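Read through the structures below before going on.
In what comes next, chain A is part of two complexes: it sits with chain B in the first one and with chain C in the second one.
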Partner chain A sequence: MPALIRIEGVIRRFGDIVAVAGVDLDIQAGELFALLGGSGCGKTTLLRLLAGFEAPDEGRIVIDGVDMTGVPPYARPVNMMFQSYALFPHMSVARNVAYGLERERLPRAEIEARVAQVLDLVELGAHAGRKPHQLSGGQRQRVALARAIVKRPKVLLLDEPLAALDRKLRERTQLELVELQRRLGITFVMVTHDQDEAMTMATRIAVMDRGRIVQVGAPAEIYEQPVNRFVADFIGLANIFEGDIVGRSDGLLRIRCGPLGGEIAAPAVAGLAGGAVSLAIRPEKLSLRRDDAANTGGLAGHVRDVVYLGDESIFHVALQTGATVQVTRMNAQRRASAAITRGDAVRVTWADDAVVVMPQ
Partner chain B sequence: MSATARTVARGAPWGRAATILVPYLWLLLFFAAPFAIVAAISLGDYTPDTVPPVTLTWSGKAYALLVGDALYAAAYLNSLRIAAIATIVTLLIGYPMAYTIARAPAGWRGPLLMAVILPFWTSFLIRIYAWMGILSENGLLNQVLRGSGLVDDPGTLLGTEWAIYLGIAYAYLPFMVLPLYASLEKMDAALLEAAADLGARPWTAFRTVTLPLSLPGIVGGCLLVFIPAVGEFVIPDLLGGTGTLMIGKVLWDEFFSNGDWPMASAVAMAMLVVLVAPIVLFQRARARDLAGR
Partner chain C sequence: MPGRTSRLLLAVLAFGYAFLYVPILTMIVYSFNESRLVTVWSGFSVKWWGELLRNEAMLDAALLSFQIALVNACVATVLGTMAGFALARHPRFPGRIAFTGLIAAPLVMPEVIMGIASLLLFVALDQVLGWPRRGFATIAIAHITFSAAYVAVVIQSRLADFDRAVEEAAMDLGARPFTVLRTITLPLIAPSLVAGWLLAFTLSMDDLILTQFVAGAQSQTLPMLVYSSVRLGVSPQINVLATIIVTVAGAAIVGAGWLMNRARRQRDRDAYAATRRA
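Then we have the complex of A and B:
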């Protein structure tokens, strides 16, 4: 099946700044696709290129088989939900939502019916007559959403749709959005700098860095198999070390890594056969045991700090090799009698396949 | 910091009273008092032999004349009509200007606004005289028109009502541009993008978003041009024909040619009423609109 959205070699410059530095990307119909990256990496610019507010300096964008070069925003089969919502302040909620349908010159009765239907969908039917400034932030967000989906676009572009909401509301709305996306069958392309949000909502994630896409994949793929140090560091917590490939045995790479106590084994990665590499181990894939007669394997160290997060705790462990690692443990029991605390001598172990090898 | 704050706090009641008092004092001294004097004179009798030529009698003879003589009503109506047309002309010229400035790169806006205000640095009278030179029979405009070979006999603008519209539009343009600019500049550019995104072509987006949101600027600018234009004397006198009847000119004649102080004052009072009524109504409507939101 051909991709619904096809971005081919797109470059966008602002003076000396290259906001989008050569992006190739295919997005399939029905996806909830997230563009994830740090501030200023070009996420918004890429979204605006899709909406038609910016034109690529090089490359082209094809949506649903039609080359979008030279097609103005008002003629594109996409709608955008703006980060600032951009609701028309002089119009009521209903008029805001009706605006896009009025542009299509639909019959009055149909417009009213569809507006009412969408307002019910976002649970704002009771507020149809209000002006945007009479609404709460969460309600405004839902008006913006209603206004963007009422035209039933092929693609809905969302620029940090939940950034202005407080945490509780944000988490609830994330799930509502996913649910809505499934029900409507509209393809969502969402910009976010919040990795939890991307992991929670997206079917696929593109991680961006300095105008480029570094990795595209399902959330689990990006978390478990980051392609480089940047992705490993950006998504979740990671213990990252430098090492050298010294050999291969039984499908495992032998890697020399001083901070991890000498030579370790790691799953082989296509294209990496020798030389300097980076290693990443997620903190939950390290295990922590008391350093006593019963536990002898792994690396010795002592707990320098414990960060209690409620559901889990993060242990900062100073290894005898001189390195410091972070280890997370679920707080499965309310009061663990054998709880490890600050200053305790511990041993840190991991499975071979917990180690991700990446080019340096 | 806290010490300063405390000092200010202690000085506050007195300071606040003073700051409120100053504008009231100003109003009393330069508006209320002169207004009362003019009102009193307008009710008096014209006595050419006294100095000043007025006797305070509260007779209100001048008002009787004002209502009785059709000339005055005609002058008021004509003034309102000319001012209204001139205001529309000014709006049509000023809106695109304000829009362009508001959409210009940030660094350009200051200088462009300055350029709009710059003519104020030359004397008003000199600028209107310059327009006489441009619009007269053998003036700059006609020379250019003839020289271009497009028109043989261009006619003369000077002395027509169009010359007045032009003069008012020219002289009052900044009063139109500044409020328009203020309302256009604070409009979020994302609103236009949202409109385009929802399928509005540029003109539709302008009509449905920009225009309604700049309405306060339009009303403000129009009032600032319309009100002084109604009483305008210099521009119709210099650029308009001898036949142009405007209330400013009538007032001038009553005062300086006839020396009829009560009549001149009555004309001025009536003008105030004519202008105040729409302003008050407008303010009421706005207040209601704000409360209703």
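Then we have the complex of A and C:
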């Protein structure tokens, strides 16, 4: 099946700044696709290129088989939900939502029916006559959503859709948006700087850095097999080290890595046969045990700090090799009698396949 | 909240209102003065109202001023708004610096200089093209020149803090640029448009110096007439005329506010009813 959205070699410059530095990307129909990155990585510019508010300096964008070059925003089969919501302050909720349909010159009865239907969908039927300034933040967000989906676009673009909501409401709305997306079957392309939001909602994520896409994949792929240091560091917590490939045995790479106590084994990665590499181990894939007679494997060290987060704790462990690693443990018991605390001597172990090998 | 602070605030408020309105009220009261001296009260009478209504010169001048102010306000609002958009929305275009200077010039230039410059231009044009004859047209053009600059400044500053995402949202929903202007931008800056219009109207209505230069021999605006008659001693008719102007202007502003409010409420009710019916 051909991609619904095809971005080919797109470059966008603002003066000396290259906001989007050559992006190639295919997005399939029905996806909930997230563009994830820090501020200034070009994700919002890419979204505005899709909406037509910016024109690429090089390359082209094809949506549903139609080249969008020179097609103005009002003629594109996409709608956008703005970060600021950009509701029309002089119009009621109903008129805000009806605005897009009125531009299509639909019969009045149909406009009214569709506005009422979509307002019921976002549970704002009772507020149709209100002005935006009379609504709460969460209600405004839903008006913006209703206004953007009422035209039944092929693609809905969402610019940091939940950034303005408080945490509890945001987490609930994330799931509601996913549910809505499945029900409507509209392809969502979402921009976010919040990795939790991207992981929770998206079917696929593109991680962006300095105008380029660094990695595209499902959330689990991005988390478990980051392609380089930047992704490993940006998504979640990671212990990252430098090492050298020294050989290969039983399908595993042998890697010399001083901070991890000498030579370790790691799963092989296509294209990496020798030389300097980066290693990443996620903190939850490290195990922590008290250093006593019963436990002798792994690396010795002592706990320098414990960060208690409620559901889990993060242990900062200073290894005898001189390196420091972070280890997370679930707090499965309310009061563990044998709890490891600050200053305790510990041993850190891990499975061979917990190690991710990346090019340096 | 009763207390010393609030009593002080009330006193300040009362003083402020008194400062603004007592002179006007005095003037209205004195328009019913019997005396032929403007400043001495000698009894109630409507005789100066009668006098004014028989004073053709005064009525003609008032009518001329009103017509010029009306034409000026409308044309200056259109031109000034366009200039304001150019300044606020286009950071770079050929001749922008010169354009910015031209907009600012009438705000800082002495009116005498503008008057001489305009007069020279009109005389030269009249000799070459046979137009414009000095009178209504020249006064209106001169007024538009400087009041458009004021409107431009008002509109530019309104557009400077205008959230462009709202316009982008409209465009995203299928509105072409002109539709965006008509349905989103202009309604949102409407208060500034009204303010600009009123400013232009007022500037034209009481302009004297510039008008003196370009009016020619046949036309006399109200400020010109009042100014020249002051030299012969002010007639209480002036009070009557001013009372009429204040009353009409006040009624217009109150009426416009009431109409705008009603239209807005009506729109909201319609939209609400529409979705409930569906």
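Miscellaneous remarks
Following the convention adopted for this analysis, the second predicted complex is superposed on the first by the 360 of 360 C-alpha atoms of A that agree within 3 Å, B and C clash if a C-alpha of one lies under 4 Å from a C-alpha of the other, contacts with A are read in each partner's own complex, and residues count from 1 in each chain.
Basically, a contact is a pair of C-beta atoms (placed from the backbone, for glycine too) under 8 Å apart; a residue touches a chain by one contact, two chains touch by 3 or more.
Keep in mind the model is a prediction, meaning the values are calculated, not measured.
Taken together in the superposed arrangement on chain A, chain B and chain C clash. When the shared chain is aligned, chain C comes close enough to touch A:113, but chain B does not. In the superposition on chain A, no contact is made by A:299 with either chain B or chain C. By the touch criterion defined above, A:10 reaches neither chain B nor chain C. Legend: residue contacts after superposition of the two complexes on their common chain; A:128 is shown touching chain C, with no touch to chain B. Set side by side, chain B and chain C differ in how many residues of chain A they touch, and the one touching more is C. Of the two partner chains, neither chain B nor chain C is touched by A:190.
In the superposed pair of complexes, A:146 makes contact with neither chain B nor chain C. Once the two complexes are overlaid on the shared chain, A:89 sits against chain B and chain C alike. 51, 53, 72-74, 78-80, 82, 84, 86-90, 99-100, 103-104, 131, 147, 151 are the residues of chain A that lie in the contact sets of both chain B and chain C, per the superposition on chain A.
Only residues 51-53, 72-74, 78-80, 82, 84, 86-90, 99-100, 103-104, 131, 133-134, 147, 151 of chain A touch chain B when the two sit together in their complex. Interface residues of chain C facing chain A in the complex, by the touch rule stated above, are 163, 165-166, 168-176, 179, 183-184, 187-188, 264, 267-269, 271-272, 274-278.
Chain A makes touch with chain C in their complex at residues 51, 53, 72-75, 78-80, 82, 84, 86-92, 94-95, 98-100, 103-104, 109, 112-113, 115-117, 119, 125, 128-129, 131, 147, 151. Note for the complex: chain B touches chain A at residues 188, 190-191, 193-201, 204, 208-209, 212-213, 293.
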